[in-house]
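The two complexes that follow have chain A in common; it is paired with chain B in the first and with chain C in the second.
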Partner chain A sequence: MSLATFENYFLPGNGREVVALLQEYGERALILAGGSFVHGLAARDLLSGVDVFIDIQKLGLANIVTDPDGLQVGAMTRFTDFEKVPEIQNDPGWGAVKDALSYPPAQIMNAATVGGSIAAVCPYFDLPTALLAVGGKVKVESNTGSREINLKDFSTSLFESSLGVDEFVTGLVLPQPVSGSVSAFIKLATNANDLAIVNVAVQINLDRSGVCRSASVALGGGVNEITLRSAAAEKLLEGQKLTDELMKAAGTAVQVDISPMADHRASAEYRSAMASVLTERALQRAIARLTRSS
Partner chain B sequence: MTNRSVLGNSVPRPDALDKVTGGKQFPVNVVLPGMLHAKLLRSPYPHARIVSIDAGAAEKLPGVKAVLLPQDVPQRKYCPVYFVPTLAPSMVQDMLIMSDTVRYAGQPVAAVAATSAGIAEQALELIEVEYEELPAVFDPDAAMADGAPVIHAGTEKNVAVNPVISFGDVEAAFEKAEHIFEGTYQTQRVHTCYMEPRVCVVDSDVAGNLTVHSSMQHLFGLREKLAFALDMPEGKVKVIKPAYIGGGFGGKLDIGYIEPVAALLSLKTGRPVRIEQTRYEDFISTTRNPIKVYLKTGISKEGRFVARYAESTLDCGAHATHGAEVINVHGMFGILLTYPCPDQHWEGKTVYTNNIIGGGYRGYGSPQGAFAVESQIDEICEELGFDPVEFRLNNSYQQGDPHPFNPAAKLDSYRFQDCLQQAAERIDWSSRKPAGSDQGVRKRGIGLGCQPLWVSGCVGFPDIYEHSGAIVKLNRDGTADLSTATVDLGSGQITTLCMIAAEELGLAADQVRMTYADTDTVPFDAPSHASRVTYSAGNAVKAAAGEAKQRLLEVAGGLLEAGPDDLEVRAGMVCVKGSPDVKIRVADVVERAEAPFVVMTEEGPQPTNLAEKGTIIGLSSMAPPANPSPATVEFVEVEVDTETGQVDVLRVVFAHDLGKLIHPAGAEGQVEGGFQQGMGYALMENLVFDADSGACLSSDFLDYKMPTAVEMPVKIESIFIESDEPTGPFGAKSLSEPCVTVPAPAIANAIYNATGVRVRELPITPEKILTGLGRL
Partner chain C sequence: MKQLISLEINGEVHELAVAPQDSLLRVLREDLGLIGTKKGCDSGGCGSCTVNVEGKAVYSCMTYAMSVQDRPIVTIEGVGENGKLDPLQQAFIDAGAVQCGYCTCGTIMAARELLATVSSPDEEQIRHAIAGNLCRCTGYQKIVDAIKLAAANSA
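This part shows the complex of A and B:
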């Protein structure tokens, strides 16, 4: 079914109305944020049974608040506005987010929203991989009020999240990285408007002697049904000095945690090999930031 | 002083402002009052018989105005290709607008016209089709095997056409050869990726006459094919020329399903009917045919080609369409005529499968040949220690040689050697390192690919239309209107033709305007294809402008009291040769020609000169005099990431002998656009299909990858080697298609030079490179 057959379009003015519409239409309804992925879903027959749009652009969810604890980012924040936040630009601990926002084409930067990027639960997107590495919480709203879901628990399976039928995403809370944190992100794709074949984001925290206190390694782009963290790689890094050999070994270690998909964009073997290469390169890129910031 | 004041200078394109402000004249923007929108229902099965169709529920849906089923459609088999007569013996007539047999997943089986596209689409879901599935085959070799499903009754082993061409005694020649090389080279199915979808609006009147708007490359071809398929006299079909279309590249060189379906729905409803394809529908409407080439080459001790044997298997999918001609161009210009070789044998097979149909695409069979021939030359040179540039220089045709395709003509303006030498110098060929010798993760390499011999149109080929025509009319403000049936695909045909007319008329480029045309009002023109417009249509435009100019000089001669032969036109003035001060404005001459015969003066009515009266106009309709061959060489530098297999193209040097350079910016645009398409073919473009149903899995540009501005090399250096082609308009011959043909072998050879990995199957994906490096 193409978008030509959509009959119902709603432009609610507040969250209560959104929830009421979600309750009324259930599975027939689709929240419309930046709309950048809707054509992609429709062209792949992933919208069958859906004929109602609920456009949330009038909800005033595009604000960004900075406080000492971190960032509060409204769900409707566009990528371009997110990219311009000084903390994202300057804090090496959020380097992965900055990197992820350097890839999308201009049209996507201007249209795509932070909430849409998370809520779509598409493993081929970049920003969610970066966010998973730096950690944070998703704010959601329903008729019973609002709650926060850990980013790690938000995605459940391909295109499926832990949102209830009448719940929607209102924002994102990103905790301030502890000092000594650096992070980076790398994407492998065929061309500049491609989704990731594999992407990797890392955040590491080093003590003064260069020993890794904590590490998070997140992988996306079809190395699994949903974006995931590699516990094996993280365990290998923690408590160690980040030598070239160790970073290479961390790349190898991710193999334990991934189960790559095969599709017409890449074989499982290629994704698997690239997960290791990109993990090592993302770690190198993060370390380079450390050298620069110290 | 030279009479070439217009040509050779870049001018703003007359269509540019219109396009960057929305392009309202693209056919996709045609809207007619009362227009209906139609959609096609497509088969999910690759091979099936339709048992029954029930469209009752669809017809009852509010807003639905008409439904079209196979039984409503004339059952006249046709060949959809525009540039040949519909019943051309060298082509295959195997298509129907709708049939009760389905031969590929995606073939239209019904259509609905409704007041909106959304309603039409909903109605499609209400149509019940009962299919009887038939066994299907997707691999051409399997299709030729005993016991394979028969796709078209009456064909042997599913082979649609089977050309064989031999020169000399190839077996004896192989026996004498010092070295023999063989290899199999496979290309993939790609789409031209024009930006404007295939779209049409067809209107009908009460007498059953049709008026057609369509995004296509050939007015007269569309008229002929549409009239034939609908079993109507051609005179009842009028095709309107679009001011420009949003790309074609050969992908709009045949009638689609949409035009006949829209016509029939319009005749049923009496209303205009519009059909616009989705990108997915475009992907399955026209593709470059995959060809597998087995190539065996014998080399003498001195490094000369002495024997060549080739077999080419072309997968044409469910219908032959262009496949019947592509195979021949591929065999001739892709393989046999590339370099002189006395003893050769080639056999081509165009094979039916239950895959989607093929189509035209810049290069028309040559890219598939060049990938094989040019890759193998690199392999030969690597093995025998020859320098690839020297090897080609020693094996090429020379300027002045008899034309290998048409021995009555000579390769007068042929400059292949100059192309090779100048481009090699520019890329610094002598600094090339041995294959795979670069150290580190990222390795660089240089490679080249050539199209040693190409065409300027199709004069001399059996069954192919080639003539062109033009009308040039001078206006009283001193400007000229040019009308031709030539469609501007986006490649700048309007600019080039206006420049040629301006040069001939002695006007500035922007004083000639390309104006309205349709099949009722202008002479026949063959399509915008085959690297032919500048040469063939250019010659016709020059002739029409020349005729108008002759008339202009006759009228001016009366006013300046000089014979027309003593006059010339320069910068909008007619002047006496050698006495530039004796002159009159072109505008004044035209004004005079169109002024009333008797003028009122103070002395009363005064007659003027009856012989000078009438619009100053020129008309031509003619075949071009010859088919001169240009030559093309391209060098590419790449960098390969040996951990990810990704390839960056760093630098491109392109050299081409095009006769006279008419519009420099337009020519560079051809090279750059061609490189983008050729690079996509080399590295990433590929339509992919479900192994069981043959259904196309690539639905849009998220799946189908082509190079964007980011992947393109920062600069593409074009070297245009000029000479005077005696038969061309102001010395010009052709450019377009080789720009697309040469990148794939050049990139393949550069990747080999960088990594030592030879990939004989396009596209050269990172996975194939890593596999070659033993890393996957």
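This part shows the complex of A and C:
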């Protein structure tokens, strides 16, 4: 239970009010979405200096729009509703997102929001790893208007993002995967309700002869301070035929880009070893979808 | 600073003063005396505090009370009708799915969302639905049996 006491709880009705509150209270204010991460911070007394909640559930940001270019997902979309989107269920190019959403328990699926999952910049979450692999942009709003930040530039360091003090996340734009893309995600955890020790998501696109046109390999779960893409693995895959040996080599290649943390869940050495294994398995899982979908 | 809010719990509207940091769990147990909802870990993960908000299972320990104003809440006290047990409660008794009982109310509230959406769930769906509820006593098999029984009895 949190020992901290809070001064105020606001339920603004539009984005301008949110920005005004962020400007007025600065570092004292915290955006509240599903609260599943905020609660954990409060319980561990990690919210010193914060005494104002800005609950953004009344902004109408829980909508999902599908168009030929892809998906626009409102920041307050709960995992449960995101999982049900037919494109997420059916397009193998978004397989990693579907996989990542199959892990959390119902109570988290019903509370956690897409925006909160990104804005928390917590390296142990699963959905952000999957989103990083499929690419996209974070939509943010401030008093100067709105802008988009590439997902891969959003996280800057542990729990820190490139959001300005008076900016907040309004949604996410996910580009339609290029035809023939497949993707997959895998999480290693101690139990059904725990955060990842390591997680890996991949998205690949192959031409007719099985040569890899493009690859993205994203890793999270404490293999680094922030969820990251492995340029070394991607470079190795691109332009090559995806053989078992190559996928194994890509697993080895991720070592160049990661610097694993050690904690109560796993040692750095274990995370490091598992990052290679899971990368290879995620690639295999994605490839299996290719065979099925073609 | 406390604010006056109204919460709709088990069909009844309560006006009460809550602080921004108050969890729904704390308000239920300490302000309203609804102690069927249990406090286990108080940090999202054991499931003993599960209630339904707009029909969905959530951990009340990590739900801020102010965030559920005007959103119908059901706790274990609200599941039976006219003194009659809910089919899930009855099935938990009949299947012997209760040992110490600490997890029971939360697990029933998680299963309730499942049965409201899937009338005859298979074993995998049941296990998935209660994955966020820990039981240190039963080994889960009898809980799964009870949920199957409740589904069959409600069909």
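In this section, the second predicted complex is superposed on the first by the 291 of 294 C-alpha atoms of A that agree within 3 Å, B and C clash if a C-alpha of one lies under 4 Å from a C-alpha of the other, contacts with A are read in each partner's own complex, and residues count from 1 in each chain.
Note that in this section contacts are C-beta pairs under 8 Å (C-beta built on N, C-alpha and C of every residue); 3 or more make two chains touch, one makes a residue touch a chain.
Computed from a predicted model, the values in this text were never measured in an experiment.
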Clash-or-fit label for the pair chain B, chain C on chain A: clash
Partner chain(s) touched by A:107 [first = chain B, second = chain C, both, neither]: second
Partner chain(s) touched by A:63 [first = chain B, second = chain C, both, neither]: neither
Which superposed partner A:55 touches (first chain B, second chain C, both, neither): second
Touching partner for A:90 - first (chain B), second (chain C), both, neither: neither
Chain B versus chain C as contact partner of A:269, first or second or both or neither: first
Contacts of A:43 with chain B and chain C, given as first, second, both or neither: both
First (chain B), second (chain C), both or neither touched by A:277: first
First (chain B), second (chain C), both or neither touched by A:4: both
Partner chain in contact with A:80 - chain B first, chain C second, else both or neither: second
Contacts on chain A seen with chain B and repeated with chain C across the two complexes: 1-2, 4-7, 39-40, 43, 105, 192-194
Chain A-touching residues of chain B, taken from the complex the two chains share: 116-118, 121-122, 125, 278-280, 643-646, 684, 688, 697-703, 705-711, 766-767, 770, 775-776
Residue ranges of chain C in contact with chain A within the complex: 1, 3, 19-21, 23, 26, 42-45, 47, 50, 53, 56-59, 61-64, 66-67, 69, 110, 113-114, 128-129, 131-134
Chain B partner contacts - residues on chain A that touch it in the complex: 1-2, 4-7, 39-40, 43-44, 105, 188, 190-195, 264-267, 269-270, 273-274, 277
Interface residues, chain A side, partner chain C - complex: 1-2, 4-9, 11, 32, 35-36, 39-40, 42-43, 52-53, 55, 57, 80, 104-108, 110-111, 192-194
